Each structure stands twice: as C-alpha cells, then as structure tokens.
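This structure is in structure tokens; I'll ask about it shortly.
As written, the chains take the letters A, B, C and D, and residue 1 is the first residue of each chain.
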Amino acid sequence: MIKFAQFGAGFIGKIHGANIAKHPKSELAYIYDVYPAAAEQLAAQLGAKIAASPQEIWDSDVDAVLIASSTNTHADLLRGALKAGKPIYCEKPIDLDIERVKVVAQEAQKSDVPILVGFSRRFDPNHVGIREALQSGELGKLEMMHITARDPKPPAIAYIKVSGGQYRDQTIHFFDMLRWLAGEDPVEVYATGTALVDPAIGEAGDVDTSMLILKFASGAMCHINCSRRTGYGYDERVELFGSKGMAVSHRKPRGEVSLYKGESVVSDGMYPGWFERMEPTFYRALDAFIRAVEGEEIAYPNLMDGLKAQLIAEAAIESLHTNQPVKITYWQPEYDSPISKEYLP
Amino acid sequence: MIKFAQFGAGFIGKIHGANIAKHPKSELAYIYDVYPAAAEQLAAQLGAKIAASPQEIWDSDVDAVLIASSTNTHADLLRGALKAGKPIYCEKPIDLDIERVKVVAQEAQKSDVPILVGFSRRFDPNHVGIREALQSGELGKLEMMHITARDPKPPAIAYIKVSGGQYRDQTIHFFDMLRWLAGEDPVEVYATGTALVDPAIGEAGDVDTSMLILKFASGAMCHINCSRRTGYGYDERVELFGSKGMAVSHRKPRGEVSLYKGESVVSDGMYPGWFERMEPTFYRALDAFIRAVEGEEIAYPNLMDGLKAQLIAEAAIESLHTNQPVKITYWQPEYDSPISKEYLP
Amino acid sequence: MIKFAQFGAGFIGKIHGANIAKHPKSELAYIYDVYPAAAEQLAAQLGAKIAASPQEIWDSDVDAVLIASSTNTHADLLRGALKAGKPIYCEKPIDLDIERVKVVAQEAQKSDVPILVGFSRRFDPNHVGIREALQSGELGKLEMMHITARDPKPPAIAYIKVSGGQYRDQTIHFFDMLRWLAGEDPVEVYATGTALVDPAIGEAGDVDTSMLILKFASGAMCHINCSRRTGYGYDERVELFGSKGMAVSHRKPRGEVSLYKGESVVSDGMYPGWFERMEPTFYRALDAFIRAVEGEEIAYPNLMDGLKAQLIAEAAIESLHTNQPVKITYWQPEYDSPISKEYLP
Amino acid sequence: MIKFAQFGAGFIGKIHGANIAKHPKSELAYIYDVYPAAAEQLAAQLGAKIAASPQEIWDSDVDAVLIASSTNTHADLLRGALKAGKPIYCEKPIDLDIERVKVVAQEAQKSDVPILVGFSRRFDPNHVGIREALQSGELGKLEMMHITARDPKPPAIAYIKVSGGQYRDQTIHFFDMLRWLAGEDPVEVYATGTALVDPAIGEAGDVDTSMLILKFASGAMCHINCSRRTGYGYDERVELFGSKGMAVSHRKPRGEVSLYKGESVVSDGMYPGWFERMEPTFYRALDAFIRAVEGEEIAYPNLMDGLKAQLIAEAAIESLHTNQPVKITYWQPEYDSPISKEYLP
C-alpha cells in the first residue's frame, strides 16, 4: 500500500485524489492546499488528513507525493520532495520559467526517485495503439505525423495572461506527444499563429489559432494545428504516416447513435471537453507511477520529458515572433536516472 | 461485335440501350416498343433502327435480344426468342403467373442459348465482396443472413395493383440474392407484413412493410425486412454471419462529406433511390451477358434462378396470408443447360 | 446515505458491491453469501460486515437490499425483503419457474417499495439515445425494430442446462428492451432456432442460434437475432425504423484506431464480451434505484417488467417447439405501485 | 451540338475524347497527335477525323478545342486557338516556364472565349459539398484548412526530371483548390520537403514528401501535406475549420464492405490511384465547359486560376530552397474576361 500526500485540492486535485483512493495499491494520507477549506472538503470526502505545511509532508512517512497545486508552486515542491526522497507525480508544466526547470532538473539528477510529469495523453489507448503500430514496424519508417489539438472554448483572459501562452499551455502536450510517438526529438520548428477566436487574446500578447511544422533529424516531419475554440466540442486526432502504411487515432465520438433522416445521417459528435475525453488517462498514469514506485521497470513521461517539451515550446514561441524556422536547443544535465531512458506507457 | 435488338424504350429500356451502345463489344441494331414514338426517340438518340414487329426481329440477323418491355409481354417474347435461337437478357420478373413461367422454362430446356434474368444486384461490387468472403471460407459456415431492403417511396397505387404485390415485385430481388449468397435454396419461409405506409396499399390487397424468416436445410437462417418507404432515401444492406466472422455490405452513402457542428456530426445520407444506388450494376450485368454470348463460361442469374425466386415469393405470399411457416416447393423441368449449374457473377 | 445489504459475492456481486461503495449516496453494510469465504473476501475489500443469515438482514437497519445471488434464491429473497419492507434491486431473472414469479408479483402488489429488476441495458446511453429519438417524434411512428444480440462465446454446457435456455437466459434482456423501446407490449411471437454453434447445446435441449419476429398491436414488428458465439467479440445493435426516419444504436467498437495498409483499413473491433461493453450501465442502474429509494419519481425496470419479459420468453419457447406463431398471454396481479406505470431510465 | 477538335490521344486524351463522344451536346470532329498511330486509333474508336496539323484545326469549323497533348505544347496551342477564336479546355499546367504563361495570359486578355484549365478536382461532389458548407455561412469564417494529397506511387524518374518538381506537378492541384475553397488568394507560403520515398528523386533535384503552410490576408491558414507514395492507395482529404464548425471531405473508400473477425474490422481501403478516384470529375468539367461555350454564366477554373496556382508553386519552390517563408507575388495582365471574376463549379 503506497501512502500518498497530495498538494492541491482544486479541479484536477479532486480527480487525482479520487484515483489514489480508488487504486487498490494506494491510499491518500495527507492533503495540502493553500486554501484550507478546499483541502478540508476533499480530505473529508476521501478520508485523508490535512497537512498544515509542505514540511509536515516531507517529515511524514508518506511513500510518494502528487503535485497538483498551481504551476508557480511546482518547482519548490519538486525540490522539497527530492530532498525528502519522495517519489513524485507532478502535473505539467514544471515551471513557466525554463531556467527554474533546469535548476530542478539539475537537482533531480542526484536523486533516483521516480518523477512522473503529467503528460497523461501518453496513456490514452488509442494513441498507444498507433504508437504500437509504428514500433511494431507495420508502418515502416515514420515520414509524416499530423496532430490536431483543438479545445472547445478558450480559457478566461485572466488565465491566458498567466498561462505562458498557447504553446506553453496547450500545445505542450503535443510537443511531448510527438517525441513519444516518433521516438525521436525534433530539431527545428516553424510556428505561425494569430488571434482569430478572440481579439482580447491577441491584445494579451497571445495567439489562439496556430499551425506548426517540426522536423526530425531522420527527415520525418510533424504538423500540429491548434485552436482554442471549436464549434463542435473537443477535437484531438493523430495520424502517423509511414513508408508502409498509416495509423490514425481518430476523433473519438461521444456515443454511437445515428439518426437517418432526409438527406443526412446525424451522429453523436465529439466530447464536450478535453476532460470528458481524457478522464480515464489519469487513472492509468497513476497506475504507471505506482508501479514505478514499486520498482517495476516501466516507462513514463519523466522530468527530462517535461523539460524537453518546454524547450520545444520556447523555440516555437521564438519562431512565432520572428516568422522564421528555429533550431531547437536541448539542454542536458548529467541527469541519468535509469527510468529516463525509455518513454513507454 | 454483338448486334442487339431491344424490346422496350421506357425508363429501364433507355438505360439498357445506352449501355449496349457504350459497350465496346455490342451495338444496338433494332428497337421495338408498342409506343412507336418512344421507340423512335431512343432509336434516333442511339443510332438504331425501328422494328415494326417482334417478328421482324426474330427474322433479322441480330445476335441477341434484350427484353425490357412490360412484364406481361416477357413470356411471349422469351418464347419467340427461344424459337429464333437468340440469346436473351430479360428483365425480371419472367411473368406474374407462375404457370406461364413454368411453360417458358419447359421450352427453354430444349434450347442452349444464354438467358440472363435481370437480377442486377448480383453485380454490385459490395455484395460480390461479402459473397467472396463467405466462399473463401473466411467466415466459416453461414449461420445467419440479414437483408434490409427499403425503397424511399411506394410506387403509385395503380402500379401496386398490377405489380403482383410487395413480394413478387420488391422482395423478389432478395429472394434471388439470398440463394446466390448462401449457395443454397431455402426450404421454408415465414412472412408477416401489413400496410403501415399507406392504407390504400392495404385496400389494394397488398402490404408495404414486411419481415420474413427463411430457413435453409443446412440450419442457416435468413431474415429479410422490406419497406416501401423510408424517411431517408434508399436503404439496402446485407450481412452474412458465419461461424468464424461476419461480412457486411453496408448502406452506401451518397457522398463522403461530414459537417461537425454543435453536438452532432452531419454526414451525407443515402442515395435518393434504388436506381442511383444500383445504376452501375446494369452495365456489369450486360457485360456478363455479352461474355456468355461470346461463349465464355461465366455464371449469371438464369431462367431457373428467375423461376426459383418466384416460387419463393409464392410461398411467402401463402405464409403472409395464413400466418404459418410454409415449405417452399421447387419445380424442375428437365432443363439442363450447362450455364444453369452455377450462379457466380 | 442509503445502507445496503447485498446477497451474493460472485462475479456480478463484486461489481454491484463496488458500485454501492463508490456511489456518494450509498454504503454497503452487509454481505451474505452461501459461501462464507466469498462473502468475507468482498466484505473485507469494501469495508462491509458479514451477515450470518438472510434473517439477520431482514432484522437489520439497512435501507435497501441488492439481490445478486444465484437465480434459484431470488424468489425467496424477494419475498423476505418484501416482508421486511426493504426496497429491492434484484438481478434478472426473477425465477425460471414462471408460476413462482407470479407468486412473488402477487405479494409485491401489497407493497410499495421500489423493486428494480436488473435489465441494465435500459441504462446504456446509446440505447437511451435512440429511445429519445423515437419518443421525441423525430422518427414518426415506429414500424420496424431490429435487435442483434450475440455473445462471443457460449457458456459452459453445465450452465446451459440450468439456465432455462437461450430465450430465458440471453434473449430475455431484449424481450425487455423491445417493450421499453416501443413503449408497447408485443402480442405475438414467432421463434425459430437451432444448435449451430455446438451440438452439445442441442443435446442439452437448447438452441444457440435464433431468429424471432414479434408483432405489436400497432402493426409494428420487431426482429431479434441471437447467437451464443461470434468470431469477433460482443455484438449488440438496435435499430428503430419509423415513418419519418431511422435511429441506430451501433455496434460499439473497442477503440478508435485505424490502420491503412494495402487494400484495406483495419480498425478496432468489438469489445471482447458483454461485460466490458455494458459495465457502465450497472452504476447507472444503481443510481436510478437509489434515486427511487430516495423518493424521486424515476422510471426503471420493475417487477412487472421482469415478469412480462419472462412471459414473452415462455411464448417464444412454445413457438420454437411448435414452429407456429404464438400469442403472448400477459398476466396481471392487482399490482399497482405508482412506479410501475412508466419505464423511463 | 458543339464540335470539338482534340490535341493529344494519350492516356488523358482517351478519357477526354470518350467524354466528348458521350456528352449529348458535343461531338468529336478531329484528333491531332504528333504520333499519328495514336490519333488514328482513338479517331477510329470514336468516329472522329484525323487532323494533319494544328493549322487544319484552326481553319476548320470546330466550335471548341481540347488540349490534352504534352505540357510543352500547351502554350503554342493556346495561342493558336486564341488567334482562331476557339474556346479552349486546356489540361494543366499551362507551361512550366512561368514567363511563357504570362505571355499567353497577356494574349488571352484580348479575347473573350472561355478558357477552362483542367483543375478537375473543383468538380468533385465531396469537395463541392464542403465549399458550399463554407459559402452558406454554416461554418462561420474560415480559420484553418487542411489538405492531404498523397499518390500511391511516384512517377518514373524520367518524368520527375521534366515535371517541374513535386510542387509544379502534384501540389499545384491543391494550390488551386485552396484558393477555390477559401475564396481568397494566399499571401505567403512556407514549404519544407525532402526525398524520403526514393533517393533518386532527391538526386534529380526534387522532393517527394512535403509539408506546407500558407497564410491568407484574412488570418486564415492552410496546411498541405504531399507524398508521392502511400502504402495504401490514393489519399486525398480536405478539412475546412471555421469559427462555427468544421466540414470534411473524407478519404473516399473503394467500397463499403466490412469484415468483422477476431479483434478487428477490416474494411475496403482507398482507390488504387488518383484516376480511379477522380475519374467522374472529368465529365463534369467538360459539362461545365460546354455550358460556358453555350453562353451560360458558369464559373470554372480559368487561365488566371491556372497562372495563379503556378505563381504559388514558384513561391513554394523558393521557400523550399531557402527554408524561409516567402511572400507570393501575383501578376495581373489587363485581362478582364467576365468569366474570370468568379471561380464556382
């Protein structure tokens, strides 16, 4: 039984907490939130205790921590947990300031506890399915990848302003996904985007509609298109085109009902939001983390994966501003935890 | 070059005539229609001559005849062509009076000219596809067959009254299809139906909405459902369920456009009518006939197939009226033309 | 908080127990099983107590009971719970002996506690979707219904022998479903079936492959086809054909991955079994029951629904044996609980 | 009856010739080909005469010409036909040398005969369907367009060398399509590509696998991906993403057969080549041309459309070589034929 302490009792914290309580191999011992009322409510519901401070958690006998607090607290909590030697499940992103991420990565290399960064889409069975088709050799060599990533509605302007922008906040999931799918780091990115959804997003210095092309050293290319708003729910779709065939992880419909009437067939559309579509991936990510904590040699998105996705985002932002293709510069600590070598679900 | 004479210049006659003109191995020499104006118009368009009487055609040097005149003329024209030794492509049904069909079949056995009866659905590539899946052994042994056969709109009541009823007119295509797909004759039929679409159809002594179950000696079963009216265009669909798998010839959509909007996906619906859906099968049926006339050993729906489909229809009508399962009685002349042994497309 | 006692700790009991524990408005207080070891294991896992006998449960303060024990115990437990005034969630069927079912129904009419019979498919969102399309008037008047119900693998012969046969065991779900979808009781049934899957099933006096046609007083018809074995996983599909359009609850695929290669597109197939496909319906059925226990006027499959489905099965069995259409005889106690009037999810 | 003369009796010439013969409003009077044997064979088949020289055609009484000869002859034939005042259906491209195209365009402005350039995809019903969805306002304002354009097999290296390269030869169809769909000219293009399919294509100075992003002045963006080889047949797919919804012209499958077996559903894949997929568009394009010749105010791809598509290709090639986004420079003669103002099918 793995005893967890969890930081954060907001929307995503409630999901993680319930999963920890549900998983047969874990229990939720402590919750910490800067808003004690939120922590208390979730703790009562899940039978956990309240921690008065992070320090109380570092000093406790918990076996692992789950960081689901606001982004600006991640780096300090990661460093605290590393110091305390607690395995870490940390929501993405690590920090909006790439330099702070590097500092954390530098410290993480001295440790060998598992650190899972919350790129939960790696645990979606459809995405896993096309990855396996590529890895099995059935598709031949990867030549083109297409990722569609569109949210139904933009977040509040207030959030946009502190989010780091579309690439650090939304596209970052797919910067991770393309590395995981290709099994290779991209070397160059060309990004173009604009604010078509809401001029206020443009005034806030951000874009809401983007197209990107990334190149791999192998010659393979990846196109990503991102929008902050569709007229038809959540839209995520990935296509791997190889020398021998193509695998598609389709838009997932909400249901399987069709109405035949007049000249048309009307079928169930998309899920209303990313959460309804991706909800099952959180449990699977937690399960992978628990198995890693138990010592199983299982691959998962780790701290270096989190850092690399952010480095790609930085290059994409530079490209967006200069309208030029930008080489992606990776940064490597002497980080060498054995679990960082592979990134399989 | 095979020289054709054609009887009938109505809707279906125009299709056949154009196909004869288009096929590189055939030409249309004569057209005969009881309405000379219709014959003249089509003849002018296709560069054919008018025949003043059927006799003129029997006496001519044409290599084959295509009978697309009204049903009540089929039997006499078939007998005339048989006497003249001309290969025959005859639209279905042979005759509404099963006894007249038997007389024709009796005479046909003395002849060895190819007689193709117009069950053109045997030439639809999708239906051929599922038949091949069954014949290849991929589906194992056939256990259940499902046929959906629904027209967008009922014909005029005047036509209903002379059509022979839903089973002799509409379902008959599928009585042929199930034999062709199963490679086996059904032995019993239970039919139930009513007039839900239009009470006038009921008053005319017919039904417009039917469900049937047919049994084969092998133990396999076939369900057919028929309607004279859908709210969504022409609907034909066939499913073969075997011991190892299932093959489906799907409803064929009119196009491949989808509109994602709000909570739904709206896609192109069905074809407006059976003709738009099945039009390409007529050319393929003609091609098969031409190859048979040229001596190729090719399978096609022949006179015995036409007779058998009508015998099944008679049994189904008896079942409809008695609400009892009815054994199907087949009738066999000493008919033994070599081409009658197989019914492959 | 509704306190449950549960009878049965087998496969389906584990599902129900976990759902009771998971639902925010219920808790599992007692478990009873004739095999104490099974009860103990489940009780330990879910934090429940062991009941030494049903009587201990009747005497306890539990608010409701869930009967998931073997079929032959259902009738007695139902009568015990009715006597004790406990609301009842009972797995189907009520009893294989229709006379015993009538006795239970007779007693149930004196009570007004909610009794939910476990026809959980009524809670599947796709089936609910097509029912709403019909009830909204969008399809016009129902004319034809098609139900495909095929399990991947037959149960053990030992189970077949005590199951009551294909219609009482497998098809019964769909005898309920067709009433629920049509909003009308069928009046006649014609059933035909045979043992194509396994001769041992035939030797046990049962069939494994069946086709049925049921008629409603309105003139609408329903076709059901059932198999105990597919070569491709679990296959359930329902189609409602109305005077204005058609609604389809499609075969639900396991995932959304497609592989384009050579001449084919290979996509994710069906779920491996009914449970993987239908698992979420159990929680929804429990939720409906809890809401009914709390006094909400919510419709659900009740004891009369359970009885009627079994009466249809009896008529179908008679038809199977006589190869004749059989009128369905309904039996009515003076049962008149308010919740029996509607059967909405 | 419109009398045609046709230049070219090769693969595409045979298609055009047969369509002219088939269309009820046209007849094929003359064929000219530099290989007299080819011209003779086609002329015999279609009942046309052989022209000894283009001049014979200019001097004849034909009402229109169809230019389906090799690319390097197009410009001269266009100029000849313009001089003779004959309406022109000309296969794309106009000429590989953009300066020669400008000269033709300059001369064309003095004339007012219809000139249709063979971008036949504008006549595909699926593509027309999504264009109508956009034009009707149902999609709102266009924000993103995605075009997938992949051939099953690369042409021979010998052809690659004279083709003008992937963008002038293959992608050019889609440079036209995006203008036609968007109703707006793109202003900038970023193109990246490489030879992944066959190193010999790279050695010939060309690419075979490309991704492009084009921007419109409205802020909308278009992604194109092109490959010279798939492992699964011909793949063309277009998606219009607007502020209110999305319309998709799907990959069109070859048929509608599905085989359910084991864990998969195997369905009919793509057409083997672009021609099998696009064949019906040629007749529709001819029909549009005939209607224009008859004076109907119908829109079609004209000479300026042909020129613009080539100017986009030139910019894309510059971008490919410099790895920089390139502004597209349009060139405008005083060309002002009324039919050039719109480009509707």
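A few remarks follow.
Note that a contact is a pair of C-beta atoms (placed from the backbone, for glycine too) under 8 Å apart; a residue touches a chain by one contact, two chains touch by 3 or more.
Bear in mind that the values here come from a model prediction, so they are computed numbers and not experimental data.
Using mean Cα coordinates as chain centres, the one most removed from chain B is A. Between C-D and B-C, more contacting C-beta pairs join the chains of B-C.
One inter-chain figure worth recording: chain B and chain C are separated by 42 Å, centre to centre, where each centre is the mean of the chain's CA atoms. Taking each chain's centre as the average of its CA atoms, chain C and chain D sit 58 Å apart. The residues of chain D that reach two or more other chains are 139, 230-232, 235, 244-246, 260-262, 268, listed in rising order. Against chain B, the residues of chain A that register as touching in their complex are 230-233, 235, 253-254, 260-270. Interface residues of chain A, counted against chain D in their complex, comprise 139-141, 143-144, 146, 150, 190, 192, 194, 196-197, 209, 211, 213, 215, 219-221, 223, 225, 227, 229-232, 235, 241-246, 323-325.
Within the complex, the chain B residues that touch chain D are 22, 125-126, 129-130, 133, 138-139, 244-252, 255-262, 268.
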